[in-house]
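Report on one structure; see the data block that follows.
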């Protein structure tokens, strides 16, 4: 049969796409196809970790003292097994063409996952401090359950606490994947490399961006659309971006930043300062400052 | 077998998480575990209510005059039964340790749901006014169907109309849950306590925040990233937040607010006023005002 | 049985909703019920197209040289069949009461889909240019895979490239549906009518809005919450909005616009210009300009 | 790449299978591919019809007087729409290469489905008579609900009543599909062409076979592994089977046949007769007979 | 609109079905609709119990010493909670119109489930004896895993062991539901009231029927299509069946019955006897007998 | 908390079940837990193979000349990958504690699967011969599609053809798993070790059993409940069953066996013979014989 008679010319399109992949617009340079981490598995892992951390809110509704530890142990076991596999894929993938280390990756991903598991109680402690910060920071909040179920900023914080732990343990691709899932769900974009102290609260949240090298102290409160970003990107002599350099703000303890404020560059905002809404800030601020936008409204 | 030989030390982690829940980082103080409202059920309820309100857009594609009432009646029946259960859980949960009223909650949730059902035609009328506002307010809109299927601002309005009704009838936790689902889907965060008149339209929508005590008149039009927030939070003598006090703006009829404007505090924006993009506004504005940001651009 | 004894008075509510649909708050004026495009099908089509374009990232994890073309051909075949049906529904729906053309729509949707299929390699080439722009534009980016899996701005660009092709081929309702799905997933709202050159990169992305008649050259870089919008809407003599008129900005090649900037109206930003964060811009800007917000911060 | 290097030689296998389909082992002779009825859809139709007939047993568990008619109407509407489509496929398929009647098939399948719908109350009456027969015929039966939920013979009867109606109305392929689904579920194989009076009961059921031209009167009771089959198949002069000729037994009212009996050929078993277990019967039996296997057991 | 114009006359059919349910062919006589046990839940409970009993064969494939108890505890907890609810429904339903005992049923179903849970280790011991009987009784069996995964007779035995325990504890409707699920899956129909000793093995299985009052000793081996049934049903003076009377065979230890044999009535087959294929047996047999069918084959 | 207060005493039951698994009723003797083949995966593999063999009947309904090879190639690729994994598990499992060959198993399962793939066209040819036998053997059969969709005997034959190929290639556990799935679906139990020639047809099917070492020639026709079994099991000197010895019948070409006949032992039924219903046969039969049960019916 002549292909020209086909409705969609599938053979032609399939062939063109193959050429695009292999020659014209090739974007992977691998000698062998390798499995990538996949979103569905990571979402299931997150569901398991949330349930293990807060079983009565994110787990089964019918848990009792008799059954709760079995539930937590089982959901953890499933999530950690899957996490080991996803971390292995991430490590294997990032290794480029040096695949001699495949066995090492299997062991490494297992031990890395075990270390992550041992950090879960500490992660839970941080999240509880975040929930308390939400309870005391929002006059509309009525209960811990409302906060756990209905606050996107708290959801973003939980995702971040998990992603940051994985990032520090050596699973950066997994960590980024989780931060992007959180971004999609909550509108809050926190790079897992950022360091954030206890009692962290983001209200409303949509549009918040926190960069890779940002450092936030204890009891930081942010409102929607706050950016903690880079002012400019350092380049090397050839004009290429230098990856990983410190370029995001440092917030000392008890800083509050209102909606829409943009804070850029490796500046320090001193403890207990308040930054007003829509402020554009690129210089250091001493402790106990109160920065607000100039009022310049015409009629 | 020695636990130390285990891959993940599950027994140790499970034990630490139990201690975290019960002692160190306890966040619930219940004598008995109680079922919470769950997101999956509420999403199914919303799907049912959307289908009952607009069966040809959100329901079955093959409905006819012969089948449409059976479809609406059945989808409503399922949604209302489930809503009764979810409201019961919310009431029961909010009751704290006073569980003597369990039977009362069953009856209350049923009658509350019945009242909500009787309001559905009125809710539909408000939503139709919102759709018409979108049709006349956006030059890119081409049909009612495009608006119902493709406008996140209209989706946010439908969620709000439902949530607000439940909020006023006495199911605040359910209402908040719905508003958070809308927030996650559309990027629009409207507290269900806000009061909004007919003909309400949000264009693009991402980043819009409308606070708990805001009051919006008829024919309000908002663009993306508009905040109708609180300026500061009133505290009592001990420095604790006073929950529920009026603290968000009042918008009279026919006000338009462009993208990124921030309106804070219990101020009133007079009828027919236009607030420009990125404006920062904390004072009353008389009717028919036209507020815009000062132009101060350097080259 | 008396309806008054019913728990929810379903017959009364169903009847009121029917009256609302047919009389009081009627929003469709069709002589016959017609099937609308549905979100679930379109999401499945998008999943198929993503997999056909980047099979190792969005398709099956276990693909080999032996199996990849079968996978691509099959996933394309399923997606294109479904796309034909959805386009047919959109055409049929948009035709209003002139249904004499039903057969024509069947043929038209098939040929339109075939033309779309033939554009897929070119669409892939544009997306590869977008990925490369992300790689060179973000110092935190570490690999093509991280960009494909974790960058909402790149996800938004892929959705846009697909939607724009369908929009230009004559399937505007489908195109808008896709852009809204992208908006919901990424917080980035690009109207499918906008024209955007190769090497397009949006970082973080939440809150970006690009209007229907915007024209963007090559190598444009945008940050979160940038608006490329209309200043005002042209009206005809009767005060009705004129639909479709040119009303959004033109960006020449190599323009960068930082977070929160608002660019409104049919203005032109000259090549290689940089627009700073939170800038409010409504006038033409010559090439190589560097616009930033006036610093006016009070202490 | 050489195909010989492939793991599974997919191209070779795919090519061989195509040749097998098109040349060597071709079993379809169609000018155009046509959609066949599919099992998943038919199973969903059956689920819907069972629910419409016995909503409190096979439908939703929470039905009330208020909701039951909406449920029945909606589940029927969905099932009948799908049934129309499946019947259309069956008619279209059976038409061979005479496809000029495609439009006729659409109308025919719709009117045939409507006639089937109008027979549902009569079908329900027959099934109720079957249930009563089970209740009075099995000393282990304790309630109507146990019979509806736990008796494969009753399940087989319900499937048969539905399939027989479709068979007589002119949808034989659908009818056969349903009888095979019943066979797979219950081990009872009743050809939909068989004619069976009210009060029919099969106990245990596994292995029962009732042929296409069998005629069973009222109040027939059968036990497991009873065959009502053909003795030999009539052939025409060329040795080809004559399709459709009467070749299976006639059972008059109130006949009981015990487990494992084999009744073959166009014979008549007179009213009120009892046929014992494992009997092999190929001759007429007068009314009120009591046939049992000769006892011939050696030690 | 005239209903006569409708495609399927849904209102007429729905009305006729309501009349059939309420008047003409009414089969339930309840003052209030009550929820029945449902097959989907019971199938999930069975899946859970199978997994708890043999976690490495019917549970998760990746279990380790570290995780297996969490898995078993969790899967049991879910299954037992659901079993309690299903038993409650069964009790409540069987109570007819005497609903004053609703609270009692809640407690009763919970304590009954607890007693069932405590019997699980003993049930497992019996099943292990059945598996060993299969291993030693079938020359084609190669491993315990093959037996657990591929032998319908063993699957039927596991279902029976569970159903029988529930039957004896006082949940007969649940028990019957389980036996019917087993029947549908394996073709083996064992009434849960039958009593069967350890080391029970059915080979092939299809068509085996074991009646309610049958008693089987230890190490019984049956082949396909064996019936252990009632010869006739005892009636009271009015010709009504007497429910529950002893009417099925007793098999002493170590009896083997070959394919197709039919054993009817309250007879006793003595220990170590062998009954040949297709034998029809209605009289007592002394121990160590060897019964076979008379050979009477004509040419 | 005292465990005695628990509702179900989960800790006690879990502990008892562990003891049952590890000590009292231990049935596996492995040094390490190994993954077993799982039914869900094998069912998916079968669905894929059926679709690859008969894509228009068991695959997608919308296939065209343009898309069919992509569909077949893709569905095969998925099925073969999964089959490789399931075969690997089966080999690994059967290896007992000799796990030094793990790598070998990986390679072996891949090459075994490749050989199986290369046999698929020949398997299809056999199945087509079986379909033709059904078409010519049953007067009720109306089309190839009816036979493929509605004949359990043909479904059983397809399962057998696949299972037998895997059995001969060296994957016996997989093969048995498939034969048991077929048994559950069709009531036909064919051991994958049996050898069956082309043109094989089973009508109705329920209760047919064909043993491991049976040999069937060409154009064999069987009816429901036919057993081709072993007369007795050979034992070694210690009374243990000798596994795998020839013990089932040989049927020469063109033999027909009617419903319920039982043929036992290593006997030969000569070509063109007919065995009547319910016949019990344990001796050789010369070609062209016509065996029927003696008529011995009392009144």
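Order of writing sets the labels: A, B, C, D, E and F. Residues in every chain begin at 1.
Here is the rule we use: a contact is a pair of C-beta atoms (placed from the backbone, for glycine too) under 8 Å apart; a residue touches a chain by one contact, two chains touch by 3 or more.
Here the structure is a predicted model, which is why all the values come from computation and not from measurement.
Between chain B and chain C, the least number of touching-chain steps is 1. The chains in contact with chain D and with chain E alike are B, F.
Placing every chain at the mean of its C-alpha atoms, the farthest one from chain A is found to be D.
Chain centres here are Cα averages; for chain B and chain F they lie 57 Å apart. Each chain gets a centre from the mean of its Cα atoms; for chain D and chain F, those two points are 25 Å apart.
Mean C-alpha positions place chain B and chain E at a centre distance of 51 Å.
Looking at chain F, one finds that residues 7-8, 10-11, 14, 62, 64-67, 69-70, 72-73, 76-77, 187, 206-207, 225, 260, 278, 293, 296 touch two or more other chains.
All chain pairs in contact, by the document's touch criterion: A-B, A-C, A-E, A-F, B-C, B-D, B-E, C-D, C-F, D-E, D-F, E-F.
Interface of chain A with chain C (complex): residues 7-14, 16-21, 24-25, 27-28, 33, 35-39, 93-94, 172-173, 176-177, 179-180, 183-184, 187, 189, 191, 193, 206-207, 209, 211-212, 225, 227, 229-230, 233-234, 241-245, 247, 260, 262, 264, 278-281, 289-294, 296. By the touch rule above, chain B contacts chain C in their complex via residues 52-53, 55-57, 61-65, 68-69, 72-73, 76-77, 80, 110, 113-114, 117-118, 120-121, 124-125, 128, 131-132, 136-146, 149-152, 185-187, 204-207, 223-225, 259-260, 277-278, 293, 295-299.
Chain F makes touch with chain C in their complex at residues 60, 62, 66-67, 69-78, 81. Residues of chain E that touch chain B in their complex: 1, 3, 6-11, 14, 64-67, 70.
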